[in-house]
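Down below are the structures I want you to see.
Look at the two complexes coming up: chain A is in both, with chain B in one and chain C in the other.
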Partner chain A sequence: MAGRGKLIAVIGDEDTCTGFLLGGVGELNKNRKPNFLVVEKDTSITEIEETFKSFLARDDIGIILINQFIAEMIRHAIDAHMLSIPAVLEIPSKEHPYDASKDSILRRAKGMFSAEDFR
Partner chain B sequence: SPPNLEFFCFPSRAQTIMKARLKGAQTGRNLLKKKADALTMRFRQILRKIIETKTLMGEVMREAAFSLAEAKFAAGDFSTTVIQNVNRAQVKVRAKKDNVAGVTLPVFEHYHEGTDSYELTGLARGGEQVAKLKRNYAKAVELLVELASLQTSFVTLDEAIKITNRRVNAIEHVIIPRIERTLSYIITELDEREREEFYRLKKIQEKKKALKLKNEKEMEERLKKIDLLFE
Partner chain C sequence: MGNKCVSALQYGHEMAPLVYVKSSSLNKGQIEFCIERQHLKLPEETLPVEVIGPKEEGVRRRKTAQKIEEKNDVALPEQAPHNNEKSESETKAKSQYQDPLRWFGVLVPQTLKQAQSSFKEVIKLAADIATLQTQIEATRAEFRTLLEQKQNLQKQRDI
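Coming up: the complex of A and B.
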């Protein structure tokens, strides 16, 4: 592992993961554990939450990309994450375009901007 | 009797000390206010940038998703192959520190390392679409790293601003009133002691005057008696 280098983890549907893996973010660590999770229709919420928490616990992950519709499923776990690192970024998926009102981070600054900024 | 407070052996010195403390607290409060203002300004800037970047990201992701669909159409379903062949990450991020008004913000910097694990994907067919796909997702990754930096700064600043404001309020509503109350108490005490002194002095003067009058009268009487003797 590169000294201070941190990985970009992905929790997303198959297309999202494939895309980002082709972008070069995928890695298996010493224990053959991947830094991504392909979420399918039958993936349980517990599994998603466990993976998310395990990513948070790893010290070699700097950023966690997660499809917004999956983030909705484990919203409580994401809201509970107060630290600045790893950064949790919600990204849109093919079926679910990005919805700013659901984003954890932006909700913290609720009063400070209006819907017009998103035009 | 005066209360047993540590400073009351030398109330005038206590007053000087308290005044200095008050000045110190006020200066501290003003400095913290300035810090909170600077942080809030930067906070708003970052928030605007986040909104901008997130909107841009939505578009970039859409384009990337399209190119993925195109590539799948041309090269067939390579998802399983890609997922199975994960080995070493080519793109990683480093955490750097940025500093705003004394608050260190973590910032991400992306860097490349090693070779493309997927050089051979799409070699059979759809090579061009796969290459375009890789480029699009690489671009998305860069943008997302920038977004992540903005986000971490945002979260860190949020906390810092809350803490600073809490401190400003504490100084303004607890510490300064406390000092002011102590100061006014000291001044009242000093005033009262001065009044006591003054009163005591007056009383003594009166007594002295009364004593002097008495003595003078006595002398007069004696002199009269002596005069009478000499008549």
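Coming up: the complex of A and C.
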């Protein structure tokens, strides 16, 4: 574990997860806990949020990839995450193209130049 | 499901990551992510060819073959089982690094292979984007502190 790098976690729809798992990011650890969550139609928001928080708490995860439409469901949890590790990346999905104006990091960056600061 | 469609139900029961992300911190709290890929063994090794037929050639010479084996056993009584254990654990470790493409069958469609290579590329890009994202955050933090300094200086001047 020490010499090896960290994992990439994925929270996404079936197509996104399958793609990244094909790329070789998937892991089932000793407790058979996966580093990915396939979000189906009947997956509850609390389940997504809890999985996201459990990924944040794991120290073996370096990057969390999340579909932007799923990120929208748990926006408050993503906004609350301020640390740089794990990095949270919002990615497009097949049905939902990427919208930069929704991205937490880019919104924060735009907020840098608010009118108040230039008084 | 079927040949043309894949589903989450087909994921392997054992998964071992083939890619890791290494993070190294640069100056001002910036973090650089880079991808490390475990090298898959050759496909021949993934699917050992099952040997059909007798393992020892020349059944008629079985007795002499056994004798030679016995002699060897006497000469190296302790090493032999140890070697066996080692090779077993090696094969176990090797079998962990299976190509995820195999979850979906032996003869998978070409499109699935294309998807796999595209996603391998995407993983590298994701690491690059994560690096850029930390740079944005670091720059933002720097901007904030500088802005505070500026405002403090302005206040002092006004007084």
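Criterion: the second predicted complex is superposed on the first by the 107 of 119 C-alpha atoms of A that agree within 3 Å, B and C clash if a C-alpha of one lies under 4 Å from a C-alpha of the other, contacts with A are read in each partner's own complex, and residues count from 1 in each chain.
Definition applied: a contact is a pair of C-beta atoms (placed from the backbone, for glycine too) under 8 Å apart; a residue touches a chain by one contact, two chains touch by 3 or more.
Worth saying up front: this structure is predicted, and the values here are computed from it rather than measured.
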Is the arrangement of chain B and chain C around the shared chain A a clash or a fit after superposition?
clash
Between chain B (first) and chain C (second), which, if any, makes contact with A:Ala87: first, second, both or neither?
both
I'd like to know which partner A:Glu72 touches here: chain B for first, chain C for second, both or neither.
neither
Residues of chain A touched: more by chain B or chain C?
B
Could you look at A:Ala100 and tell me whether it touches chain B, chain C, both or neither (first, second, both, neither)?
first
In the superposed arrangement, does A:Thr18 touch chain B (first), chain C (second), both or neither?
both
Between chain B and chain C, whom does A:Glu50 touch in the aligned arrangement: first, second, both, or neither?
neither
Where does A:Ile8 make contact in the superposed view: on chain B (first), on chain C (second), on both, or on neither?
both
After superposing on chain A, which stretch of chain C overlaps chain B: 43-51, 61-69 or 133-141?
133-141
Residues on chain A lying within both footprints (that of chain B and that of chain C)
4-8, 14, 17-28, 34-35, 38, 62-63, 65, 84-85, 87, 89, 91, 105-106, 108-109, 112, 117
Any idea which chain A residues touch chain B in the complex?
2, 4-8, 14-15, 17-28, 34-36, 38, 62-63, 65, 82-85, 87-89, 91-94, 97-98, 100, 103, 105-106, 108-109, 112-113, 117-118
If you look only at chain A, which of its residues touch chain C in the complex?
4-8, 14, 17-28, 34-35, 38, 62-63, 65, 84-85, 87, 89, 91, 105-106, 108-109, 112, 117
Per the touch rule above, chain B residues touching chain A in the complex are 44, 47-48, 50-51, 54-55, 57-58, 61-62, 64-65, 68-69, 78-79, 82-83, 86-95, 106, 108, 111-113, 116-118, 121, 130, 133-134, 136-138, 140-141, 144-145, 147-149, 151-156, 158
Can you name the residues of chain C that touch chain A in the complex?
6-8, 11-23, 29, 31, 33, 36-38, 100-101, 112, 115-116, 118-120, 122-123, 126-127, 129-130, 133-134, 136-138, 140, 143-144, 147
